[in-house]
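The following pair of complexes shares a single chain, chain A, combined with chain B in the former and chain C in the latter.
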Partner chain A sequence: MNYFHLPLEEWTNRFVNQWLIPVLGGFFDSISNVVGAFISWVTNILTFIPPELMALILIFLAWRYAGVGIAIFTLIGSLYLGSVDLWFAAMQTLAIVIVATLFSIVIGIPIGIWSAKSPIVYAIVRPILDFMQTLPSFVYLIPAILLFGLGGVPAVISTFVFATPPAVRMTTLGIKQVPTDVVEAARAFGSTYWQMLTKVQLPMAVPTIMAGINQTIMLALSMAVIASMIGAPGLGSVVLAGISRVNVGLGLTGGLGIVVLAIVLDRITQGIGEKTK
Partner chain B sequence: MDNKIEVKNLTKIFGSNPKEGLKRLKEGQSKEKILDEAGLTVGVNQATFKIKEGEFFVIMGLSGSGKSTLIRLINRLIEPSAGEILIDGKNITAMNKNELMNTRRKKLGMVFQKFALFPHRTVTANVEYGLEIQDVPKEERNKRALKSIEDVGLKGYENSYPDELSGGMQQRVGLARALANDTDILLMDEAFSALDPLIRKEMQDELLTLQSKLGKTILFITHDLDEALKLGDRIAIMKNGLIVQIGTPEEILENPANEYVSNFVEDVDRSKVLVASNIMKKPDVITTWKEGARAAIKKMEDAGLSSIFVIDKEKNLKGLLTIDDAIKAYKSNSWVEDVLIHDYHTTTPDTPLNDLIQIATETKYPIAVVENEKLKGIIVRVSILSGLTFGKEREEVTE
Partner chain C sequence: MKQIKCLFLTFFAFFLIVGCGPAETPEETPADDDTTPAEDVGDQSVTFGMTPWTSTIPPTTIAMLILEDMGFEVNQIEADAGGVYTGLSRGDIDAFMDAWLPDMHASYMEQFGDNIDSTSISYPDGELGWVVPTYVEEVNSIEDLKGNEDLFGGEMYGIEEGAGMTMTSGEMIDEFDLDLQYVASSEGGMLAQVARQIGAERPVLFLGWRPHPMFVDYDLKVLEGQDDFFATSEVHVLTNIDFKDRVPEAYEFLSNWSIDVGDIEQMIVEIDNGRSAEEVAREWMENNQDKVAEMKGE
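Let's look at the complex of A and B:
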């Protein structure tokens, strides 16, 4: 099948090494500094709060939004994380998830709104989202290292890339799902573009957008674990250590920690989403 | 300004090249031909009509007739391809975005078939919407919202959400939302079509009451001829994007413009449309006040009647004289006025035929049609039956 040789590998490397890094290196460095400061700020807050108090906050949120069962699960899960000495690692992972999710929301929701309003934007955004979601997540760990070095920052950036699509897609879907006659009614009464968006379309899209945010958080968590391969601290690095030392026990201990974090985050954010309906 | 809404040659063509369609329409090509040859759909074809201030104007047509497109052209929810729409003399088709927005806010309220309420807002917040987007202060818009909620009979439901209400109540919210803006014009797109028959009838009656109280100009869309005849001061009948006839309910029933309309009106329940003045007869014989019993007997004999209404010089109805009483009065040589009876039924000229059927079956005397105490005509049982069968009697009342 090789009728001609496509030197994609060489081109990409030349583009990255000879242009991207020399020309835009400073730009990426400043992004790196801002994101890095943000991560350590969030990590500091999460680890500064005493584990007992943090656990109580989580249990309260679980009880408030997801019921007594999940609250009890959160209590048991917190005790587990403490007893296997993974509380600190869990907070590091949580910090990366929170920062990446915030970026995803802040950038993803406006893009989602824009794609819902403009078919042209939607036509451009859609294939990019497909690309972001289907490209194996390991592949963009490589440029992340090249551009942002090792540690939390490339982890957040690659997590952001992986976790943003559902925020965009579900925002677009939520706005497009608002019934046409309701939009017509808002127009017939003389709404401006902005009034239509803020008083009718966005409020009615909130449950769908919340479902998108829930998906974003789940994807962020799974990516934050994979990102331990490029030096992200947290539960993922515990699992990675288990793999590299062929230590089944260590792997399971870290893995269960991820499961606990995932279930608690999922049920609480889902509960918040339900409450907004 | 007599005409509230004036529509001239309003046309909507859906498709990529409306100009081509307009050219073909001007050449007189049919909707089908334009669709076949140019692939363009004619939504509304050169509609022209005027709606007077305070008039209840109904556009009736089956689905696909273009009536929903037409009402959306009026407030430019759909952009017209050609033609003019004057609202209070101002051409809405020439307005820029801001002028159009202000016209929608100040002049055009709208009620939708499937209610189109905002599900995340309470009844009050729904009704307030039109005022909220105009930045009316919270207190005032709340006051006005509560007023129109009361007008539509939803007091006590201010804090409910739409999904907690029945269909009829939801449409009351829709109506209140349109009323709260206090626009002169109400556009109602099949407003009652989604309601069950009993609720629909109730809403129709209430809308008529509200209309007489508030004096709105109403443009009402329906596919139901009975509804059109009941509500409309005038009715426009649409077919394939074309207005085929405009007229009062009586005109449409009596003089259908073409076969399409006459097929439509064939099955109409005339008792709901015809009123007393449509079927009343000229009082056959009138004996004026002070005319003697003898003259009355002679007139009854000539006309073959067993009773006769008696009026005075000013044509005020005085009573009913039966042949027996007339003979008695003649024999005892007393005044006719002493033997008049008064236990006959009277009605007004605009009473629906429907309400007269029951009375007609009970009474043995003709029903007197009275306006300002003056006798306008009489209705005998046979005229009700013939009215139901053939429509209005052509015979006019002459005095």
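Let's look at the complex of A and C:
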């Protein structure tokens, strides 16, 4: 199969080292500063709130959207995170998940709407989403450092790449699933493009979009350990510390923290999705 | 110290996996060299122990080629460090070119040292510790860091959370009361951050160890005053205790052995870039004919 030599390796290296970093380095630095400031702002808020109050807020949300069972689980989970001294780490992870999810939503949902409206956009976006979801994250993890520096920022960017596709896909699906008779009825009553979108299609798509956001959050959490390899603080780095020392106990302690966070976030966002049906 | 040792083993194992796939030294075939007339040495053979670390391959390959040129039959046995030391003590392996002493391989020497002869020092500067680029003129030692933390944005970059060097660095930060935050990531992560900072000529403080390609890629200095935390290793050539009497000429050569750590690093980079270890070793021998002659005792 070796009919000709494809110098992809050299091209990529030359592109990154001679153009991307020297020419756009400053641009990426400023993105890095903004995102970094945003992450530390969210982290500061989450860690400034006393753990007891934060736990109460989470328990309330769990009770309100997911029922008594999950509220009790949230109480136990919070006590667990406190008692193994991982509350602070959990809030650091939560901050990165929140920031990455926000980016995914802000960028993913409009693209999802656009793809639903335009077959051409959909044809372009779809392979890009496949690419984002299947390209192993290790491939862009280290290059993300070259552009954004070590720490929470490349973690958020990598998480964004990995976690955005479901937000886009589910938004597209949700809008496409709105029954045609409803759309035609709305059109018959003379609704404009924007009215159609904001008053008919989006409201009916909300449960599907929420399912997409739920998936985005779960994928973002699943990046926590990988992201700690590029300097993201939080539960992931606890797990990494455990496994690199073959300290099984420490690894499990941190890993269970991620599980607690995941279940609580999953049930709450799922509940919000159900309630909006 | 044990953790640092484990860490080092991990590094080198990692190098092997990522670094030298195609450059694995093939099993040596008997010499096809016709320039040096083979002396009549009978069935004398020399067996080298080869650990899968990138730092072992260049010196071992060179030593094997030179001994081959001298007319000896050379073999190599690939094994991990424990296997190499066991083989050395039993005599299955005659020589090992990459022994990290006194600290990192201390446990092996305790166990097998009685049957092992420390023949020469390959290079004395197996340094490790905190490093900065040479263009950071303000900082030459750990003491200089005090009050200069802002130069580095209050951060230093390291490898995995939980690694030996990470823990030692934490102790150093406490001991010298430095206002630094240790940002743990991974070797690749740390090096990417270093590439970014050095590319922009910004000061950067991070973990280094030799031999490592980073010393070829950048001008770096290992900070002074950290001996109590990161002890510099000497890389020794070891032989089996009976080797000296069995093959005296080969022992004589190995006892004259020495090589520059910078040369080792250069060769590691070349091998990483896909050249064969033998080709790289031959090139070194071409460029260092005086040194080779001296080691051969000519």
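Just so we're on the same page, the second predicted complex is superposed on the first by the 277 of 277 C-alpha atoms of A that agree within 3 Å, B and C clash if a C-alpha of one lies under 4 Å from a C-alpha of the other, contacts with A are read in each partner's own complex, and residues count from 1 in each chain.
What we mean here is this: contacts are C-beta pairs under 8 Å (C-beta built on N, C-alpha and C of every residue); 3 or more make two chains touch, one makes a residue touch a chain.
The model shown is predicted, which means the values in this text are computed figures rather than measured ones.
So if we stack both complexes on chain A, do chain B and chain C clash, or do they fit?
fit
Mind working out whether A:Leu146 is in touch with chain B, chain C, both or neither, as first, second, both or neither?
A:Leu146 contacts chain C only, not chain B.
Calculate the angle at chain A, using C-alpha centres, between the directions toward chain B and chain C; round to the nearest 10 degrees.
Reported to the nearest 10, the angle reads 150 degrees.
Between chain B (first) and chain C (second), which does A:Gln195 come into contact with in this model arrangement: first, second, both, or neither?
first
Output check: A:Pro51 vs chain B and chain C. Expected answer is one of first, second, both, neither. What do you get?
It touches nothing on chain B or chain C.
If you tally the residues of chain A touched by each partner, is the higher count for chain B or for chain C?
Partner with more touched residues of chain A: C.
Touching A:Gly25, do we find chain B (first), chain C (second), both, or neither?
So A:Gly25 only meets chain C here.
Figure out whether A:Leu240 sits in contact with chain B (first) or chain C (second), or with both, or with neither.
So A:Leu240 only meets chain C here.
Please provide the least distance in Å between a C-alpha atom of chain B and a C-alpha atom of chain C in the combined superposition.
Between chain B and chain C, the minimum C-alpha distance equals 49 Å.
Chain A residues touched by both chain B and chain C?
none
Which residues of chain B touch chain A once you look at their complex with the stated criterion?
The touching residues are 72, 75, 77, 101-105, 108-110, 112-114, 116-120, 129-130, 132-134, 177, 181, 187.
What residues of chain A sit close enough to touch chain B in their complex?
Going by the criterion above, the answer is residues 179, 181-182, 184-192, 195, 199-200, 203-204, 206.
Would you tell me which residues of chain C are touching chain A in their complex?
157, 160-163, 183-186, 188-190, 192-193, 195-196, 199-200
Quick one: which bits of chain A touch chain C in the complex? Just the residue numbers, please.
21-22, 25, 141-143, 145-147, 149-151, 228-231, 237-238, 240-245, 247, 250
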